[in-house]
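Pasting the structures here.
One chain, chain A, appears in both complexes that follow, with chain B as partner in the first and chain C in the second.
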Partner chain A sequence: MYGVFVLYPLGQSVQFSFYEWDGIGPATPAGLDNWRAIFTEPELLGSVIHAFVLIFFYTVLPVGLGLVAASLIRELRVGTFNTTARVVLFIPQVLPPVAAGIAWTWMFSTDGLVNQALGAVGLESLTRAWLGDFTFALPAVGVIGFWLSFGFCTVLLLSGIGKIDPSLYEAARLDGAGRVAEFFAVTLPGLRGEIAVCATIGTIAALASFDVVQIATQGGPGYQTMVPGVEIYRLTFLEQRIGQASALAVLLAALVLLVIWPIQRLGRHE
Partner chain B sequence: MNTASSTRHGLVSRVVILVALMAFAILPLLSMLTAALAPQNSTPPGLAWPEDPQWQNFADAWTAANFLALFQSSVLIVLGVVPAAVAMATAAGYGLAQLDVPGGRFVNALLLVGLTLPFEALITPLYYNLRDMGLLGTRWAVILPLIGLLMPFGVFWMRASFLKVETALTEAAELDGATPWQIFRQVQLPLAVPALSALTILFFLATWNQYLLPLVLIDDPTMRTVAGGLGAFQGEHGTNIALLCAGSLLIIAPSLLVFLFFQRHFVKALLQGAVK
Partner chain C sequence: MRTNNTLPRRSRRPSWPTALPVVLTALLASCGAPGAQSPLSDTPTSVSTSIGDAPVTLEVLVSTPDVALYEELGEAFQDKHPNVTVQVTGEDFNSLTTNVPRLISGTEVPDLVRLASFGNLVEDRLLTNLDPYAEAYGWTEWPQSQFASTRVDDDGRQRGTGHLYGAGPGFGLTGMYYNKSLAAQIGMTEPPATLDAFEESLEKAKDAGLLPLMVNGKDGGLAYPLQNLQMNYAGSTQVVQDWNYNKPGANIDTPALVDAATTLQSWSEEGYLPADVNSIDQTQAPARFAEGEGVFFPSGNWQAPTLQDAGGGEIGFFLFPPEETGDPFTAMTAPGVLAIPTKSSQSDVAAAFLDFIQTDTGARQSTLDLLGLPPAGPSDASLPDSEPGSLVSGTVESFQLLLESDGLVDFMSNSTASMHANTLIPQTQLLVAGKTSPAEFSAAVQKDYEDEAEK
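On to the complex of A and B.
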């Protein structure tokens, strides 16, 4: 199964990436043309850059704010309220991303909750159709990704804090460490593994994003939110540039590995 | 030092932060719910309980999207994927963890490649291969590749669980004259039940929520998963906010119910498993 439906197509992707093929006629060898195009066609290069911008929203922000929230909350004691909190925070992670895309398309629309809230505090001048805005569309997509992973990260980090040996905190306090020093000396190193997990999941979700972007913007307006996943889909099924799509696909797979590898190493050692 | 008041202060701020986080997590869903209850083709506000909640919007969305067919289709796909994928992942995970399979390290390395592989990286060749196999447009076009794509994670998940089992237990069973199959059935498998059930839920969610594969590999929206069908629904009724929100909530419901029903088990398993 794995061989036929994963490894074999992966090899084919590599092979296709050196050809020009419209999916119907014969394929012609194209050498490195498809690979060169990724770095010269602004639309293709842009999609890769956008994916890296999304890492900030899908990974850096949830882990950063998750750490702040988790160290403020400190522990989830047993109890109905805390169980409820844990379950509710998990919800975005288990929903179909398609539904999240639709929910946030509505949130960000002209009449949506985001604009309603801005209006309520007297900031009508800032209201706009967020996902249709050339400047704000990509950050808006980022917010959706942030929403998807933030709760999960916070719960995971909280459970990690719970596993840190309390005597370490006592020792830090005896040494006269304040809350901030304590955070850097005890909490942060203790959460290495959990942070790596959050970062890995978020980074894969950012680089390989498809569902949310396809539903919310289809890469638009213009190419402002185009990401490799959606671009591969467009190139293959709308533009019939199979070779080009495959080159981007192989690059995407390689980029994911390249970014994940150091994260995993950092998480494992010490 | 008045520890009592500082503890109380800590408790209050803890509750406030948690409530804020929870509000952020469910606000989009609440906003969808109020919109789903607004009159159809109106422009409801972002969040306000409608004066006259239109509960029949859910019924209208159900018929408009042909949800009955979509649900049946999703169930068929889930039944095709989940049991087979769980069984294969268990067998492979057991083999790699407990038996000295020749070439085991090599298999491990191959699976590692697939662990981070984005589905998009394979979708183009998959499309043409399945076309040549004559499976395009059938549910098999989603079921078979999805089993393959879920394998790396599943095998590593089960392998990690089998690796934890004390070798002393297996050795004791061997001394008692148990065959390898008996050891697997009577010693190893019962110990792996928590990991197995967590994997089943994860695979269920991955299949039920799957969007890309059905979108590309099955033309007829009523044969897709609900998530895949919802994409088509959005294209048709994108301007009818009330209907769209009602439809989205309908497809969210099963994921949410499965999660809430198994949440105790699920959160625990995920938190443990994630750190491995």
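On to the complex of A and C.
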């Protein structure tokens, strides 16, 4: 089964990447042309770089803030507020990214919620069309990604905290550790596995991002938010360059493996 | 505590010596060049204008906003031919565009399909050559400029020449909408006759504290004024038309395009465009324009029925003004193309339907009423009615004016499959944001065009 549904298509993608093919007619061998193009067409290389920028928003921020949020929620007594906090944080996770993309497109628009909020606190000078701004479009897309993955990270980290032996916290307290010291001595090491899972999923989501970008910016303005996912989609369905799309897709898969490998090592290490 | 970590870790990792043969097998299994090896023939061997008496179902696949129109056309066709059932299916325009190659190369293909561009469909022999039908139905006697953009050469790439692969009920047409009461505020009582007069109006609007131009820069609205400016400065439509039709050696990187880009960029610098132009899409732009934001709005006649309702008679339409009074008008236009897939089993019925929607008086009226698209067809066909003085009638008159001055030009966006999404949208965004120079812009458009022509 694994061979038929995973390895065979993967093998085919590798094979297609050495052909020039429109998906229907006859294919002609293209040697390494498709691979060379990735590194010589600035647009393709730029999309890979943007994906790495997104890792910060999809991984670093949600894990960092998720740790803070989870530690704070842990201290709340179990009750309505605790449950509400978990539910509210987790809601973005059940929304399809396409819906999130549409909602955030409105929020980021010129008279959207973000600018209204800025205006309400007297920061009119900062208002702009966020997704149409050359400097802020990529971070704005990143914020959508952060919003999507933050809740998942927090809830996963919370359940991880629940599994840490309470006696460790008591011991830390008895040793006179403050909240911060306790966090670094008990919580952080105890959550190694959960952090690795969050980081892995976030990194894959960032490198393989497609839906949010396609909905919110379509790669624009200019080429500011072009990512490999959208590029692959366009190469395949718009330009019908299956070979070039396959080459980029294989490279993307390899990149994902390469990046999450050290994260996995880190998670396992005792 | 976490007892699972005491398990021997090695056993959970895939070991490469065992995984490698599996991967290799998978690779070997997929050997052999992909794709079809022997193309089909796309020219029907025998055609008939009779559709017989046997019950047949005609499957028509169009984009969602067009469904109402085609259902109405289908019913009218059924009234004439009771043995035919016209079944209309709608799909989102973007997914239709991206899925057409797979849809019509499969086993269950529609008999008529709405196309955005021909792509590789002609080269791959997926579309029926309509020449025999054009002959049989007498389309060859009609003004031929209406079929230019749907003719494709034997190489499958160059348009404007070769065999006919598509026809449609009506034509899209671009021009300039204007808000009559805002125009009155700046002393503009009738549409500007020349480009200079138009630019003066822009300046006056700016001085009056109004937004001069509403443009949907997010999805390509900037390309309309750009191409109009290019055609004005070039003094001829030949260069851009050859380029659109992929004539060998065509080159758009000319002084006219550089000048057009310079003007468009200066409009942005002068503050004639909305501050958030690059985030306005084609849904927001007409809505905001109808609410009174913007004196002018460059767009197409497909917006006319909506703007006529939403604007409450306040909105007018004119063709992009030429350099000098009396110079011919030019505009971008494209038919709403329907094509017959080679694999359709009902090509005779499909062709009869195509003839019907272009010639039947009621069908032509429906096309204008529902989509705002003026039909072409035979030169002696009667024009559909529209309320005199209305916005829609304004766009119809403009279309007639264009037909007379032979000013119908295809969209630069249609020159290659990715010109719109990968080049014109991002490059015009860079241009109005001042992130690229007019010369760089012009060179980039030509380079992307050549890159794709080579593929």
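To be clear about the criterion, the second predicted complex is superposed on the first by the 253 of 270 C-alpha atoms of A that agree within 3 Å, B and C clash if a C-alpha of one lies under 4 Å from a C-alpha of the other, contacts with A are read in each partner's own complex, and residues count from 1 in each chain.
Note that in this section a contact is a pair of C-beta atoms (placed from the backbone, for glycine too) under 8 Å apart; a residue touches a chain by one contact, two chains touch by 3 or more.
Bear in mind that the values here come from a model prediction, so they are computed numbers and not experimental data.
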item: Touched partner set for A:L10, first chain B, second chain C, both or neither; value: both
item: Which of chain B and chain C A:A69 touches, first, second, both or neither; value: first
item: Chain B versus chain C as contact partner of A:A253, first or second or both or neither; value: first
item: More chain A residues in contact [chain B versus chain C]; value: B
item: Touching partner for A:R241 - first (chain B), second (chain C), both, neither; value: second
item: Chain B versus chain C as contact partner of A:G220, first or second or both or neither; value: second
item: Partner chain in contact with A:T135 - chain B first, chain C second, else both or neither; value: neither
item: Residues on chain A lying within both footprints (that of chain B and that of chain C); value: 2-3, 7-8, 10, 12, 16, 23, 109, 193, 237, 242
item: Parts of chain C lying in touch with chain A, wherever the complex brings them together; value: 1-2, 5, 9, 22-23, 25-31, 33-37, 39, 97-99, 101-102, 105, 119-120, 123-124, 126, 217-219, 275-280, 284, 417-418, 421-422, 425-427, 429-430, 433, 435, 452, 455
item: Interface residues, chain A side, partner chain C - complex; value: 2-3, 7-8, 10-12, 14-16, 19-29, 43, 108-110, 128-134, 163, 165, 193, 218-223, 234, 237-242, 268, 270
item: Residue ranges of chain B in contact with chain A within the complex; value: 10, 13-15, 17-18, 21-22, 24-29, 31-32, 35, 43-47, 88, 110-111, 113-114, 116-129, 144-145, 147-149, 151-152, 205, 208-209, 211-212, 215-216, 226-228, 230-231, 234, 241, 244-245, 248, 251-252, 255-256, 259-260, 263-264, 267, 271, 274-275
item: Sites on chain A touched by chain B in the complex; value: 1-10, 12-13, 16, 23, 69, 72-74, 81-92, 94-100, 102-104, 106-107, 109, 111-117, 147, 150-151, 154-156, 159-160, 193-194, 197, 201, 204, 207-208, 210-211, 214-215, 228-229, 232-233, 236-237, 242, 245-246, 249-250, 252-253, 256-257, 260
